[in-house]
Amino acid sequence: MKFEQSVPVQWIAEYIGATIIGDTNRTATGINEIHKVTPGDISFVDNEKYFNNCLMSAATIIIINKEVACPEGKTLLLHPDPFSGYVKLVKYFRPFEPAYKMISDSAVIGEGTHLQPGVFVGNHVRIGNNCLIHPNVTIYDNTIIGDNVIIHSGTVLGADAFYFKRRKEREVQYDKMESCGRVIIEDDVEIGAGCAIDKGVSGDTIIGRGTKLDNHIHIGHGAVIGKNCLFAGQVGIGGKAIIEDEVILWGQVGVSKDLTIGKGAVVYAQSGVGQTIEGGKIYFGSPVDDARTKMRELNWVKRIPEIWEKLTAK
Amino acid sequence: MKFEQSVPVQWIAEYIGATIIGDTNRTATGINEIHKVTPGDISFVDNEKYFNNCLMSAATIIIINKEVACPEGKTLLLHPDPFSGYVKLVKYFRPFEPAYKMISDSAVIGEGTHLQPGVFVGNHVRIGNNCLIHPNVTIYDNTIIGDNVIIHSGTVLGADAFYFKRRKEREVQYDKMESCGRVIIEDDVEIGAGCAIDKGVSGDTIIGRGTKLDNHIHIGHGAVIGKNCLFAGQVGIGGKAIIEDEVILWGQVGVSKDLTIGKGAVVYAQSGVGQTIEGGKIYFGSPVDDARTKMRELNWVKRIPEIWEKLTAK
Amino acid sequence: MKFEQSVPVQWIAEYIGATIIGDTNRTATGINEIHKVTPGDISFVDNEKYFNNCLMSAATIIIINKEVACPEGKTLLLHPDPFSGYVKLVKYFRPFEPAYKMISDSAVIGEGTHLQPGVFVGNHVRIGNNCLIHPNVTIYDNTIIGDNVIIHSGTVLGADAFYFKRRKEREVQYDKMESCGRVIIEDDVEIGAGCAIDKGVSGDTIIGRGTKLDNHIHIGHGAVIGKNCLFAGQVGIGGKAIIEDEVILWGQVGVSKDLTIGKGAVVYAQSGVGQTIEGGKIYFGSPVDDARTKMRELNWVKRIPEIWEKLTAK
């Protein structure tokens, strides 16, 4: 997320209790986890394995847990626990705002849009024109919905990212990453009943224009779904997955986080996509393979007894 | 769906901008997609592959995009885009009626039936006697529920069919088929929490008497589920599937559209049913096979290294 | 469940129409199905296969459908249909209490806990301190929630167990087991959007301290989930499963009922756990196997054509 106005690094250091390494007069214009950083952002890193990655990233201010040389144009914030420092900032810049009514006064709702009863619309939500939101839909704060969007009952837009840091040595082991990203639903999208689309950790979860989702679809934090995709019932998409335009996923397909499905790929029902796959092809299986290869494999499996017989007959 | 009164074909032709071929004095008594047509119905066809099928069907009035000979007893409506003509009629005969309260005044609710708070009951819904509808259930317009039915929280009955026509040449590629069918829940059914049962495109989605559904079950448009079936959690059923009586589906089973599962079949957890399967048998696998055959197959797979060894030892 | 005060066996016998075998002065202090019985409990058995199991159990009062010798320290209640006798008692001791408002007057809600709009809180619910319950969550009667718990929208806690007795000879074949158990959510748990956690049949469904559940997770009746577990989206857990501490289940994993997953086990996405598995290991497949073994198996399958070639080339 970007801030409404820039924030001096000295204030940040003091607020989270960090020591400044490098230029103390810099200002931050936003906060983002490493996968989404842009110039001006605060980010964090706490694992030496990723130090280089983070120090070379677009981030301007980096919360880090080891004294290292400060790269040109950046400021480092030395902190014993960068994760908690980062989370403290997210909570400051995007605090939870309790709601006391079903439709927030700060929500902007377009012309010709109809909200059925029981719909919750959080703070700072923007809904475009000619949308139809069916009963008992929940739209968390900061969600943005375009024009001509239909959302069916029970669907939840903008719940928190499922992202935790494990502290194995503690009794309660998981620390929650606070999310400051949003959900963005582009024009002409239809979302079925009982879907759950999480907000991004710091960037946006996007459902591209003209995409249609069936019932019970789960979309993880920060996933970016292209235009004119079609996902059948009970499909699950992991966090930060990129699904390009015109991808068709049949029922109960599972897609892992942090991968890409290329444009126009078709994935048959119940398949599991664990790694990036090319567009323009048809896939099947868990883990997924080229559909024809997989079908041939299934046929070969049926022929094992024949192989055995041939082998032992000799 | 059937109309409340019959409609002259001349009005229909004018309303959608079609040219009449054949008898201009005919009247329509209903509108149905090809899978559900009965005499008196309007239907449509736009793919030459299905022309014959539709022209030979029970439909009385057919919207078609090519000038062909009009079969005896029918009237054709020549239209450049039969799909959009059909959809225009569906919207006319079953317009969306916005709701402004949680329980519609036009809903009929039986004796001894209790609706918990947060339940939405749409227009023209009928609920029988001695039902218990738990909080935050959504019941769309025109749904019919029998006696002694229990519906758990978060469940959605009657959301729109997931049915779109692709127009690959356009920027927004999918055109929505408007649904005018209903959901019918027969007596003594229990439906778990967070289920989603879509309405039929033009016919009815039916859950047969005494059937019990666990949580998170997705039933596609126009599926017909028999009596005394048992579906465990997270089962998904595609559109227009026919599940006969006493079928047992274990958890996370997926069933494709347009197929039949025979009476008394049992399908083990996580299986995928992609084609019609006979009743009275036990199935397993994705794609599904006879459970014993599948188990033997799994055992043979484990023996491949032994085969390899035998083969290479010689 | 335990009763608020003990109940004379003579009253019970009369209420359900049973004949007492053994001590007629005994009192019952609770009612539990056989998997959860403790001393003082009423339980039932109607299948000779389980007679011994039940007669040797901790149950003090046993509803049974055959005249057998009464074990020392117990009282038997002879009844033609023990299941329906038992269900009649459950309904008496835990009757359904209709709600007429979204938050019950008998609910106890802790300090610093915020309920967003559209949340239903049933009778006798207890929610601890500093919890955040997002919009349109449903919390059935008697649920207990600890401190620092976050529950996302659309989630349902405490729906009925999916547990039916089949009577094949009848037109409506399934008789519902009434549930008198509860859902208990321990401190520091976070539950995603659209989850469904059923109450126990007579005991409690427990989500252990610090456990985090993603969206669309289904937890069956009486399952006991340990501390610091992590379940990704669309995981399904069958009734009475025991998941020990620190278990990680990736997306769409299915777990059968009545089994144990040992401490610290990791199960990869889309796997199916059908039997008890040891802790501290990594699993994959449907049915599940050691992940490495499974991966090797998948590689061997790809080599079948090579085997065939080698075999036929000779």
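Each chain carries a letter (A, B and C) given by its place in the written order, and its residues are counted from 1.
Operating definition for what follows: contacts are C-beta pairs under 8 Å (C-beta built on N, C-alpha and C of every residue); 3 or more make two chains touch, one makes a residue touch a chain.
This is a predicted model, so every value here is computed, not measured.
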Worksheet entry | Interface numbering overlap (same over half, different under half) for chain B and chain C | different
Practice prompt. Could you report, rounded to a multiple of 5°, the rotation needed to superpose chain A's C-alpha atoms on chain C?
Written response: 120
Fill in: CA centroid of chain B to CA centroid of chain C, Å
32
Item to complete: Find every residue in chain B that makes contact with two or more other chains and list them.
Response: 118, 136, 154, 194, 216, 234, 252, 270, 286, 301, 304, 307, 311
Response to the item:
Residue positions on chain A within touch of chain B in the complex are 114, 116-118, 132, 134-136, 150, 152-154, 187-188, 190, 192-194, 209-210, 212, 214-216, 228, 230, 232-234, 246, 251-252, 269-270, 286, 298, 301-302, 304-305, 307-308, 311-312
Fill in: For the chain A and chain C complex, residues of the former touching the latter
96, 98-102, 118, 120, 122, 136, 138, 140, 154-156, 159-160, 162, 164, 171-174, 176, 194-196, 198, 216, 218, 220, 234, 236, 238, 252, 254, 256, 270, 272, 274, 286-287, 297, 300-301, 303-304, 307, 310-311
